[in-house]
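In this document, chain identifiers A, B, C, D and E correspond to the written order of the chains, with residue numbering beginning at 1 in each.
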Amino acid sequence: MSITHLLFWFLTVLALGSALMVIFSKNPVHSILWLIGTFFAISGHYILLNAQFLAIVNIIVYAGAIMVLFLFVVMLMNLNTSAIPVKNKWLGFAGVISGGCLLLVLTAALKDTAVMRNDVQMNTGDIGLIHNLGMVLFKDYVLPFEVSSVLFLSAMVGAMIIGKKDTNETS
Amino acid sequence: MAAIILAAIWGVVMMFSGLYIKNKAMAKYIAVTGILVLLLVNALEYYNIWRIDFDVRGLQKFTAFGTVFNTIAFGATLLYFLLNGKEFEEVGKDVFDYYALIFFSLCGVTLVSSFNSLLMLFLGIELISIPMYILAGSDKRNLKSNEASLKYFLMGAFSTGIMLMGIAFLYGATGSFYVGAPNTPGMEPMVAIGMVFLLIAIAFKVSAAPFHFWTPDVYDGTPTVFTSYMATVVKVASFIGFLKLFDGAFGKSHGEWQLLVAILTAATLFIGNITAVFQQSVKRMLAYSSIAQAGFMLLSVFSLNTFGREGLIIYAAAYSIASIGSFAVLIKLKDHSIEGFNGLAKSHPFLALMNVVFLLSLTGIPATAGFFAKYYVLMGAIKSGQHLWLVIFAVLMAAVSAYYYFRVIQAMYFKEGTPEVKPVSGAYKTTLWVAAVLIILIGLFPSVLTKALYA
Amino acid sequence: MSNLVYLVPLFPLIGFLINGLARNSLSKGMTSVIGSGVILASFVVSILLFLQVKEGNAVTVTLFDFINTGKLSIPFSFQVDQLSSIFLLVITGVGFLIHLYSTAYMHEESNAHFARYFAYLNLFVFSMLLLVMGGNYLIMFIGWEGVGLCSYLLIGYWFKNNDYSNAAKKAFIMNRIGDFGFLLALFWMIQHFGSLTFGEVFARADGMNMNDTVLVGITLLLFLGATGKSAQIPLYTWLPDAMAGPTPVSALIHAATMVTAGIYMIARSNILYTLAPVTQGVVAVIGLATAILAATIALKQNDIKKVLAYSTVSQLGYMFLGLGVGAYTGAVFHVMTHAFFKALLFLGAGSVIHAMHHEQDIRNMGGLKKHLPVTHWTFLIGCIAIAGIPPLSGFFSKDEILAAAFSANVVYWVIGVLGAVMTAFYMFRLYATTFLGKFRGTHEQEHHLHESPAAMTWPLIILAVLSVVAGFVGIPAVLGGSHELQQFLAPVFAGSVKLQEAHHLDHATEYILMGASVGAAALAILYAVSRFSKKPDLEEASGFGKLLQNKWYVDELYDAVIVKPLRGMSAFLNNVVEKLGIDGAVNGVGKLVHYGARQLRLLQSGQVGIYLLMMVIAAFVLFIIQLFVK
Amino acid sequence: MDPKDVLITFPELLLWFPLISGLIAFTLKNGNSAKNWAVTSSFISLAIAVTSLFFMDSGKYFNLNNVSYYWMPSIGSSFALKYDGMARLLVMLNAVAFPLVFLSTYKQNYKNPNSFYGLMLLTQAGLAGVFCAMDALVFYFFWELALIPVYFLSSIWGGERRIQATFKFFVYTFAGSLLLLVGIIYVYLRTPEQSFSLNAFMQASIPAVQGKFIFWLFFIAFAIKMPIFPFHTWQPDAYEQSPTGVTMILSGVMVKMGIYAVIRWLIPVFPAQTAAFADLIIWLSVIGMLYASFLAWQQNDLKRLIAYSSIAHIGLMCAAIFARNESGLDGVMVQMFNHGVNVIALWIVVELIERNYGTRKISELGGLAATAPTLTVFLVVAALANIALPLTNAFIGEFLMFNGLFEYGKAVTAIALVSIILAAVYTLNMIQKVFYGEANMSLAGVGAPVLGKGAITALAVIVVIIFAAGVYPRPMLELTQDSVNLFFNKLKGL
Amino acid sequence: MTIQHYIFLAVALFSIGVIGVLTRRNIIIIFMCIELMLNAVNLLLVAFSKMHSLAATAADAASKAGTEGQIFVFFIMVVAAAEVSVGLAIIVMMYRNTHSVDVNFLNRLKH
């Protein structure tokens, strides 16, 4: 039981636990906080896998930007009081069941295939380092990079169109 | 390549011209210019006269198939702009931005029509979808529009997640994102899982039952002018992606998943056609009919052979033109229920006649493009030799489809009434006429399209 | 002479066309001249032909290929031989007289209708000529259907009266039932003999052995046709109703010519029948049964024409009996004589009706003797002739048949004679009630009573003469005659005669038979005259009489057993099977789709949660199918 | 004439001419000019059809009667028309029918006539295409195209229940033809060199089991069109609701499409399967004959009565075809033409009655013979032809067909023959109720029957045809001989 | 660690996300659950990339195999960010009109 294993199991429990809390905590704000927790756990996993770049980006983009945005919206609508109950019993129940079934099917399909035994390169290897990724990203992946910029552009335009108050609507 | 770049650039152009040009009417002309430019560069590329080329590391692969499809998509969009310029202005004040978004989505379309890597497929589909989320909600004060956009967005994002899971599994199995990577005869579980995830995600995009639920609501809630675009260009683009993906990635293991597609097809045909029968609103009816048509297009994926591919191209053209035309007529009417069409033949014989052509084409009557569209995909399906029952089922459903398309014709020609119709310009009429002529031409000589694939 | 042949049917056809097309512009005079003239013309031609045939040269003339496909080739050809030439004479001759008679009888009709009447009559003669001249069964069938059509048209001549048109319809449909058999027989012949031409068919049939199934089948089917046309059991009921038509029509079609088509046809195909004794038995029994049944009914009829109609049926029965026992000559002979005296009787009746202003019930007549002398005497002759009193024609022909019947089977003879006696009885009941005693009609009827015009009386007289003398062409050997008719017809029946075992009665027996029948008939006559000239039975019949008067309720029986069930069935098919069953199924599909639509759209609940749930479930199912089912 | 310098072939002429003149008719705004245009055009077509009869010798005038150029080489479909005997016969029927229809309905004033006559001429073109097509795809093309104008004609100018009735008719036949389409594609994919030509279809190697299945795809489509029991229920409604002019085309020419298709496209392509199912189909048809006759007996609407009676006739034709012998097929050939002409005559009379007396209900009519003798004569002649009285044209056909059927089976023929009795029953019933008896004075136009010259001419012509073809049928029989021989050569596997 | 640990972890997270989407009514939380699904995918991709790189480096130490996996994760994050911006805008718009974030609040469009 090496340290890596311990860390792996710890982070896994953390991730799953806080993920469950996300969906079961009544109060949206709590959900958000738990989600952030999950993200940290996942970032931990990244570090464990020696993918520092992604670990950092994950913290910055997700836990940092996105989640704050969520928090901001929730506060804006001041939904911090546990406003909405879970939807009607059997529907929630059905949701859990079907979700669980999906999990079962996948695991059942995968559990005894040869691939599963493959080892994963832990906390070594330099592909996850920013230097390497940067090279690849700007050499081989220029096109998608540009495309994603266009994507952002459209998202931005959209956010503006949707978000901004129409002048005629004030009148 | 040039088309991709230009589409993106023109989107930006539209945005900025929005800042400086106050006259909304201008937007239409700029957009039309843009489309014409796109068509031009596309043609140049097709005939190898001039093309932008730089090493994309094999992320994209430009084929005649893709280019021909681009032409169809741009052409359809051109018709669409020409027919709906007025309505753009009625939706809201950000006219230029609407056009910009449509150009961005066109950029996505061009990506999807030529992707060679799952990454590009993913980006392309996102680039198509995100503008649509917004356009769906562009009529901000209208709760229906809000609802449409919300539903579209939530379910769209969900399906994105599913698609990514699929891609991840394929990557895990093959160690590469290139389309050809998993293309091997057998199918190990991990690939199978990835395939099913992808299938679900794309089935959602092309609104194949039982992943179609968003379609009627979204199409219904979205401002009609944008529904017309969503239901045509976007949908057929997703189909091209679908076909290219399953052709490239799982072509060799066709037999493994044909049954799944068969089931999806049957379900789509059934739900689309049967449910459309009862609709009172023509807009919603067209939404369901678009599901039904998707069922037929699925046949091409199901058969995955030459006829299927040619069929999908013809279908893309026939379906897009006919639907855009039909929507363009619908949009001119105040009342979107079937009764709204009563007596149209008397008050506006031209509109009625054109609409008849489009509806006949959608039904698949010979001498209209719709016939050969259906004809080719059926031929493909029969050729594939599997599941003949599916074909029989399909044609019976086509017979059902006659039922609801002809209800509109009956309303226009055989019922008395005085429909309120917005004023229609001469240009509008001309464009409509051109669309109808195109339908007939393809209906008489489909070879023009099919031949182009092999030039 | 072959160039003459086609003239025979041509003349009436021309007459038909002229009278038919120009009926609105022709005067009655013109119509009569054309109508009767054409018949006279073809009568003349027929005589020429007859003489030619008598010389011994029968001919077959082919006009053109009618149907000619692959194996099957049917020419449009005429055959004039001994048999057909006799019929030609009878048809055109009697036909002419009746046309003549009609010119006066139908005079009250308007021009157009008058012309229409003659058009029909000419058309009838045309078809009848086709029937007897046809060189093959198909041409015969054409005429066969043609005469049926004409009888339909003529019975329904006064179309305003629904009973009349009903009678016409009945006649046509019953004939169609007969044609059903006839056609089947034709197809069978084509299949088996590969031809319909008389010569070839008979030649190929000759070799076949007795009672071959094919032959029996064909002959029975042909006979079915005959029962329809010649009013035999079970298809006889139309003939009495057919009296709805104008009386000359009854005389021509329903007594002299058309109804004898069946006899002609069987006589024509005598080989086939001789080769199928089974069928012959059937023919004989049916004929006899019809003869006796009709006779019984005739006993109690009070409508002058109905009595004659039933007597016709009964006489036809005798002819079939004759055919059945192989006395083809006798049958043809009786056809001829019967044509004369029955036409005479009908025309006489017509003259009476004419005088009585369309009164047909003999209970309102009586004592017409002094008012209508010519009619009276000719009618009397007719009665004696039909009653079979020597030396009038009826005696010879009927006696020949009875003799043959006796040698075939004594029972036939006994019943035959019984029928003959009845015939004598009801004919003279009719005669006495009509002409003897005192007048019972209304006063103005009596006041208007007068002898008919010459155009009507002359035909009567001629026919009377013929009914007297016609018998002499067939005086049997036993009476020292040398049956010319038999010799004349010999070539036609040669084949059959060769096959039949020659049965010969010694003269003693023959005398006894003649004596018996004639005596019985004479007694019946005396009784009838003595009884009905004094007090005719005017009161409604009762008991058994009622049964007879109502024709054994056969019509009612048919109606209850056949017509009503069929109507019911068709109504059922229309209202239940079609509307609910088949069409219901078709519309049901539509309804189903609608219902499905209404249910399916509820799936579209509008709640994202449910949509997503369904997606996930569907995904789950797809995974199961992909990963585990396959 | 030298094969080289053929400008245009007869089949093309007979196809394009009505098409173009139909399109022109649409543009004619003035109602009367449209009407006259249509009449003229129909007569020109007739003239062409008649002229074509003088260029029959397939050896000498091959290039005049056959045409074929590539349409979609990629999938081996070429625009091939052939003008053989059967095609001639039916095109002739088509060419004869339309002038008759236009003449007889000349008095009738339809609302916006230009579209009415335009659509009519389009229908004529479509039918001509169906009858000449030698390429399955072309055939299917016209098969559908002929349907669309008729749909509009019936739905726009029809009776009060027209929309449902014609819609049922449309969807029913459309479903059928879609099945046909599947069948065609299936066979096509199994043709030697992937071609749609009839010959290729005849050589297609169709596996036994699927063959049975595909056979039914074809047959059902044709059976619906004919229609034979139990696929007939669209017909009475459609006939009843369509304007009589259209009904004439529907029952006179269109139903022949089904029969024609069976002879040309079904049996030669599926000889084995035909042999397997002949019994079933023949019995079906025969049952249908009796069934329809019984129903005709019950009808109170003249149009429905004629509809059912024609179902009965079609049933006989179908049975005779599947008896698969020469006599039967010859009968069918002549009967296709003759039935077309006769039934048109019946419709014309119905049309006149309806126009003069304002009703088609047998129960409301009566005694017309007194008031309208001419009409009566015509109807009686037509009716007698309808029940196949000798020396009328229908007799030849029915005689040959029954004869052919008899070769196939005695019992079935006996049963089928019952229908001639039933035919007499319902026809005479109708004649009696409508024409005989006392005139029904409640009728609107009693005593004042208006027979247009056009109608009289049309009827007179038909009567002439009836007797001419009835007395001297040989030309017609010889006309179709080549098609018949081809048919049997195929069956014999030559 | 072997790959299966990561696969099961990722699939578990993914399923939890799905369950969340199915069970909650608050749009924002549904949206968050979707993000959770995406993260599951990211984790899986990284794990795979490391798996492949291990396999590749075994053969050739200098191999950069597996990089594309992590690049892909990067793009997923990009797209996710874009989606979030649009999505939140839509949610805000809806809230502005209805003052509710209940996903079932809006169901005018049905049948």
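As a convention for this text, contacts are C-beta pairs under 8 Å (C-beta built on N, C-alpha and C of every residue); 3 or more make two chains touch, one makes a residue touch a chain.
It should be emphasised that the depicted structure is a prediction, and the values quoted were computed from it without experimental measurement.
Participant: Using the contact definition stated above, find the chains touching both chain A and chain D.
Facilitator: Output, common partners of chain A and chain D: B, C.
Participant: Counting only C-alpha atoms to place each centre, which chain is farthest from chain B?
Facilitator: Chain C.
Participant: Name the chain pair with more contacting C-beta pairs, choosing from B-E and A-B.
Facilitator: B-E
Participant: Report the chain whose mean Cα position is at the greatest distance from that of chain E.
Facilitator: Comparing chain centres, C lies farthest from chain E.
Participant: Grab the C-alpha centre of each chain and report whichever is closest to the global C-alpha centre.
Facilitator: D
Participant: How far is the middle of chain D from the middle of chain E, if each middle is the mean of its Cα atoms, in Å?
Facilitator: 66
Participant: Whole-Å distance, chain B centre to chain C centre, using C-alpha means?
Facilitator: The computed centroid separation for chain B versus chain C comes out at 78 Å.
Participant: Using the average of all C-alpha atoms in each chain as its centre, how far is it in Å between chain A and chain C?
Facilitator: So the centre of chain A lies 103 Å away from the centre of chain C.
Participant: I'd like to verify one number: the distance from the centre of chain C to the centre of chain E, where each centre is the average of its C-alpha atoms, in whole angstrom.
Facilitator: 98
Participant: Where in chain E do residues touch at least two different other chains?
Facilitator: 3, 7, 17-18, 21-22, 25, 31, 49, 51, 55, 65-66, 68, 71, 75, 79, 82-83, 86, 90-91, 93, 103-104, 107-110, in rising order.
Participant: For chain A, give me the residues that contact two or more of the other chains.
Facilitator: Only 87, 91, 94-95, 98-99, 102, 106, 109-110, 115, 141, 144, 148, 151, 154-155, 158, 162 qualify.
Participant: Of all residues in chain C, which are in touch with two or more distinct other chains?
Facilitator: Within chain C, residues 601, 604, 606, 608-609, 612-613, 616, 619, 623, 627 contact more than one other chain.
Participant: Spell out all pairs of chains that touch, sorted by label.
Facilitator: All chain pairs meeting the touch criterion are A-B, A-C, A-E, B-C, B-D, B-E, C-D, C-E.
Participant: Hey, which residues of chain B end up touching chain A in the complex?
Facilitator: Residues in contact with chain A: 4, 8, 11-12, 15, 56-57, 59-60, 92-94, 97-98, 100-101, 104-105, 107, 111, 119-120, 123-124, 126-127, 130-131, 133-134, 137-138, 140-141, 149, 172-173, 188-190, 192-193.
Participant: Mind listing the chain A positions that touch chain C in their complex?
Facilitator: Residue positions touching the partner: 87, 91, 94-95, 98-99, 101-102, 105-106, 108-109.
Participant: Given the complex with chain A, which residues does chain E contribute to the contact?
Facilitator: The touching residues are 1-9, 11-13, 15-26, 28-29, 31-33, 35-36, 39, 42-43, 46-47, 49-51, 53-55, 57, 64-68, 70-71, 73-75, 77-86, 88-93, 95, 101-102, 104.
Participant: Taking the touch rule as given, give the residues of chain E at its contact with chain C in the complex, in rising order.
Facilitator: By the definition above, chain E touches chain C via 18, 21-22, 25, 103-104, 107-111.
Participant: Show which residues of chain D lie in contact with chain C when the two form their complex.
Facilitator: For chain D paired with chain C, touching residues are 168, 172, 230, 232-234, 291, 294-295, 297-299, 326-327, 330, 367, 369-370, 373, 384, 389-391, 396, 399-400, 402-403, 406-407, 410, 413-414, 417-418, 420-421, 424-425, 428-429, 432, 435-438, 472-474, 477.
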